[in-house]
Every structure is written in C-alpha cells, then in structure tokens.
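You will see two complexes here that share subunit A, one where it goes with subunit B and one where it goes with subunit C.
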Partner chain A sequence: MDRREQVLGIIYAALESLNAELSEDRQVEIGPTTALFSPDAALDSLSLVSVIIDVETALTMEWDAPISLTDDRAMARAISPFDDVGTLTDYILELLAEVSPA
Partner chain B sequence: MPAHEAGTAEPVAVGEGVWRVTGGIFSSNAYVCAAGDGSGFIIDPGLDPAKIDRAAQALGLTPRQVFCTHGHFDHIGGAAHFQKAYGAEVFVHPADLKTMKSGNFLLMVLKIAQRIELPQITPVDVTAAPFLVGGRALTYHPVPGHTPGSCFIEYGDALFTGDSLYARGVGLSDLPGEDHDGLRRSLLALWDKIPAEQLIHPGHGPSARFGAIRDDNRALLDFLFATPDTADAD
Partner chain C sequence: MDDLVGRYVGRTALVTGSTRGVGRLIAEHFLAQGASVIGFARSPGTITHPAYQHVEVDLADPMAIQKAFMGLHKSAGRVDIVVNNAAVLTSQYAMIMPPGAAQAMVNVNLLAPFIVSREAAKFMRKTKWGRIINIGSMAASLEPIGDSVYAACKAGLSTLTNVMAKEFGAMNVTCNTLAITAIETDMLSQLPRDKIDLIIAGLPIPRFAEPADILNAIDFFASEASSYITAQTLYLGGVN
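== the complex of A and B ==
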C-alpha cells in the first residue's frame, strides 16, 4: 500500500467513525472528493473538528511523530487543507514527507 | 448586582485590585489586576485586547504579565497584544499548548472571521513555587477537564476559575480535549477545600462567592452529583 492509500485509509476510518455516531439521514458519503469544510460539506463544525483530531491522532501513532493539522501553518495555505478529502490528503503527505521521507 | 461588584461601567471592580472587562464574540471575561507595586497583570485576555488595554490604561496599570487559566482562543487570543505592547510574559499550563495552537482552526470551523496571534509562552510548572507578583503569591491549581491544562489561578482573596467553574451553569463546550469526567473529578477534589467566602472570578458570567455557587448553581450540582443513571455518558 502506498503512502497516499495509507493516508486515505486513515481519513476514511475517521469518517466511518463519525458516521457510526450519526443518524441514518445524516451519513457522510466517503470518498476522495468528500467535502469537509465548504458550503456543501455534510459535516458540521464539531464533526469536522472530531474527524481532524482523529486523523491527527492516528497519523501521530502510525508515524510515531507529532503531526499537527490544526496549527497556523495549515491556516496560512492558499488552498485550505480542509476543503475536501483530497486537499487534506495532499497536505498530510506534505507533512509526512518532512518527518519521514518516503 | 452582587455586593462585591461596584457599578456596571467597564472595567467593573469585582474585588480588591481586580477589574473585569468582558468582550469578544463569546463575551469572555478578562481581569485587569493591580499587583500592588504600581504594575498590573492580566488574567485571560480574550478576543478584544484593545478594550482590555484601554481599561488597564484608565486604571493606570502597566501589564507586566499575562496569566491564562487555559488555552482556548477566547481566553488567550489577546495575549500577544500585551506581549508586544508591554513585553508582558505570558503563562499557560503546558498541557494546553496544543489547544492554544489550534485556536485559529477552531475559529475557522466555527465560522468566525477573527484570527488570533499566538504569543511566546512561558509554560507554567505547577510543581514549582508560586509566582511572586507584587510581593504576593500567585498560584496555579490544575483542574484538568474543560481542557487538559485548565487551572484555577489564586491571587490574594481572588480565585480565577476560567471555564472550569462558573457562578451559573457548567463549563462544558464539547470542544476537542474536553473531558467531562475529568472536570467532575477536578471540581470534586476541590469542592470541600474552597472556603465559602472565596471570591470566584469565572471566564464567563458574573463573579460570586463560592458558598453561593455551592448552594445555588443547580446545573453544576447536577453535573457533579447526579446519580449514575442520570449522569452524562461521557
């Protein structure tokens, strides 16, 4: 499994965990284009926070290095890492390349 | 108006050498305090540092330190202002550094346009001797729960409780890092140790004597002492 698939797996697991807490009519469709923080996102604010914290925790455990998705570096990007699953994946891969070159 | 609060114009005198300034989108309380040697310090400067600064200037106090009860953006968001303007040292418990650093992320997801500047932090060592501020001890008491690094700050007869203890209601936010059971444990551990006459200055809402909170804050009593089948399931 390449690193992108690994990261996608972590994000999907966090979204599946969220879905497990949501009612049937509020389920989030999971895929590479799933909107996270945009006008058409299915996630509310606290759900997004929960997903991002879950992803951050899983990444830190998997790579045994502190990886922060919520600091001001993420906020300063021209394209928000939180737009959708794809932008989040790209951002995570960039961070991972710094702590653990492939 | 509680007997210990003098007037309604801000800053509101809420104790000897303690003035409250409420501001920002969450109506957070900051406290401007006289240190007794002509200088001052700030507790929990939130999202309206200009208003707090005007209050300090009107009181003739130059803030030398900023002490934060916890790292949420609505209590630490103005700290950098005082660091830059006055060289104030900013203190927060190290367990809240992550909370602090995620402040702008939380502001974004809460759809609040304002952003905060992070100050340089001096981590508080709660095992060390209390700070000496204006010749008096200032002590951090850890009360993890609302956030991992939440603390009460004791100075003279004042106890600044942040979002861990309110005069009315309970400090629950459901934000990341909150631990309901931890907050319950922290408060219960101190419940019988805080004197009834202790003046409590919370992060939101009015100040009150602890005895009044202990007797009248029904939501807090329910949170602390609810039977297992009615307690929250966190």
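== the complex of A and C ==
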C-alpha cells in the first residue's frame, strides 16, 4: 500500500467512526471528494473537529511523531487543507514528508 | 466512608505535579480508592505503587506534554479523570517581578492545564465519560499583593475550565475548578509566613486547609453522581 492509500484509509476510518455516531439521515458519504469544510460540507464544526482528532491520533501513532493538522501553516493557506478529503490527503502527505521522507 | 473505598476501581486518573504537596496527596488518594494513576511531573516519581505510572515531563513545554500523551496512547489506553494540579508560584511586586518567572507561571499554571485537558479529552471522547478538575486558588478571588500573575493565571484557569465545560459537555465530560486555600506544602514555604497568616485570619473559616478538605471536594467533582455539575468554581474555606 502506498502512502497516499494509507492516508486515505486513515481519513476514511475517521469518517466511518463519525458515521457510527451520526443518525441515519446525517450519514456522511465517504470518498476522495467528500467535502469537509466548505459550503457543501455535510459535516458540522464539531464533526470536523472529531474527524481531525481521529486522523491526528492515527497519524501520530502510525508515524510515531506528533503531527498537528491545525497549526498556523494550515490556517494560512489560500486553499484550506480541510476543503475535502483530497486536499486533506495532500496536506498530510506534505507533513509526513517532513517527519518521514518516503 | 468504608463503603466508598474502591470507588475509583476501573478508572484511570492523571494528576499533574504528583511528586509532592497537593498533587501527591490526590494521587495517593486515587490509588487508595482503586484507581490507576498516571503522574506527570518534571522530577522523578516519589510514589511507589503497582497502579502508579510516572511520566517525567516538563509541563512548561506544550510539545513535551503532547509527546507524553503519545506514550499514553500506547501504554495506558485511557484517561478518565484529570487533576491539573501542577503550579509554580513566584510572589513579587509587579515592578520587580522577573519576566522569566512571570512567563513560567503562565506556562505551567495556565497553558499546561489547557494542553493536558485537551489531550485527555481526546481519550474521554472515546469512552464518553470524563472528569477534569483544575486546581485553582483563593488568590484568584483575594488578589493578594505580589501575586498579580499567579492570581491572574488562576482566575484565567476558571474561565478556561468553564469554556471547556461547554465544549466537552456533549461527551459527558465535566470540567470544574477547585480553588483551594493555603495548605502546608513546599509552595507555601515560598511565601512570607506573616502574609499567609494574615490572609488565613481573614477567611470565614480562619484555618489552613487540611488534606481531607481537598479530597472531599475532589471526590465530589469526580463522582459518578456529579455528572450534572460542570463549569463551577468551588472555593474552600468560605472564599468567594
């Protein structure tokens, strides 16, 4: 499994974990284009926080290094890493390249 | 009280500043009542107990705290109760307070409880149960001369607690502040005795706090029955 697939798997797992807590009518569709934080997003702010924490925790455990998705760098970007699953994956791959070059 | 021995069986409590003073007192109390205890402190552990795990961590360093929690994800696996007790105190007139001492108080007394609480909440959200108890101080209310930064940190700690109570309420995590009066500890020895005695004499209950006074309030906040009590600051000794 390449690193992108690995990261996608972690994000999907976080979204599945979120869905387990949501009612049937609030289920989030899971895929590479799933909107996370945009006008089209199905997630409310608390749900997004929940996903971010799950993803951060999983990344930290997997790569054995503290990885923060919400530092100043993320917030300063013209295109938010949290727009959708794809932008989040790209951003995580950038961070991982710093702590553990592929 | 015998029927309450063992009330924390199955719970894991994290106590900061667990090597001495109030923190050690609270850690030993949880252990005696059946909890597993994780102690965070800069210095080596002073408690020997099979259910005690000591983590040496500089609480003034947010990254060090996060690394310590990384370790807990691998070892302890859960944190149910947090007591943010660690604090540093430099009492000095504002005009001659060393900036470094002021910064250290902000880091340990305010920022560390924030980081510890938020990292612990990540455990608690999984179990949908948690108790965060922040140790405040009568200084926040009495505002003694020389304690501008310390008192501000402790007042800020109550506010921080109350906001976290709102954020964590949906996870069945309560957040409260226990504002203690003076108790005979190493920290107290850093203050002029006559100043302390004067403050104590002015309290509605004019005596030092006893360990049982503090532990009673800790048990109250940590209790299963206190699930509807959050965002509160409880002052001991009649301070308000």
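The criterion applied here is as follows: the second predicted complex is superposed on the first by the 102 of 102 C-alpha atoms of A that agree within 3 Å, B and C clash if a C-alpha of one lies under 4 Å from a C-alpha of the other, contacts with A are read in each partner's own complex, and residues count from 1 in each chain.
Everything that follows uses one rule, which is that a residue touches a chain if its C-beta (ideal position, glycine included) is under 8 Å from a C-beta of that chain, and two chains touch if they have at least 3 such contacts.
Because the structure is a prediction, the values reported are computed rather than measured.
S.K.: On subunit A, do subunit B and subunit C fit together or clash when superposed?
M.R.: clash
S.K.: Between subunit B (first) and subunit C (second), which does A:Leu48 come into contact with in this model arrangement: first, second, both, or neither?
M.R.: The answer is first: A:Leu48 touches subunit B but not subunit C.
S.K.: On the A-aligned overlay, A:Ala97 touches which partner chain: subunit B = first, subunit C = second, or both, or neither?
M.R.: A:Ala97: touches no partner chain.
S.K.: Tell me which partner A:Thr60 touches in the superposition: subunit B (first), subunit C (second), both or neither.
M.R.: The second partner, subunit C, only.
S.K.: By the touch definition above, which subunit A residues appear in both interfaces, subunit B in one complex and subunit C in the other?
M.R.: Residues 46, 50, 53 of subunit A touch both subunit B and subunit C.
S.K.: Subunit C touches which residues of subunit A in the complex?
M.R.: Interface residues on subunit A, with respect to subunit C: 46, 50, 53, 57, 60-61, 64, 66.
S.K.: Please name which positions on subunit C make contact with subunit A in the complex.
M.R.: 63, 66-67, 70, 73-74, 122, 125, 170
S.K.: If you look only at subunit B, which of its residues touch subunit A in the complex?
M.R.: Within the complex, subunit B contacts subunit A at residues 98, 101-102, 104-106, 108-111, 115, 118, 174-176.
S.K.: Which part of subunit A faces subunit B closely enough to touch in the complex?
M.R.: The contact residues of subunit A facing subunit B are 37, 45-46, 48-50, 52-53, 68-72, 74-75, 82.
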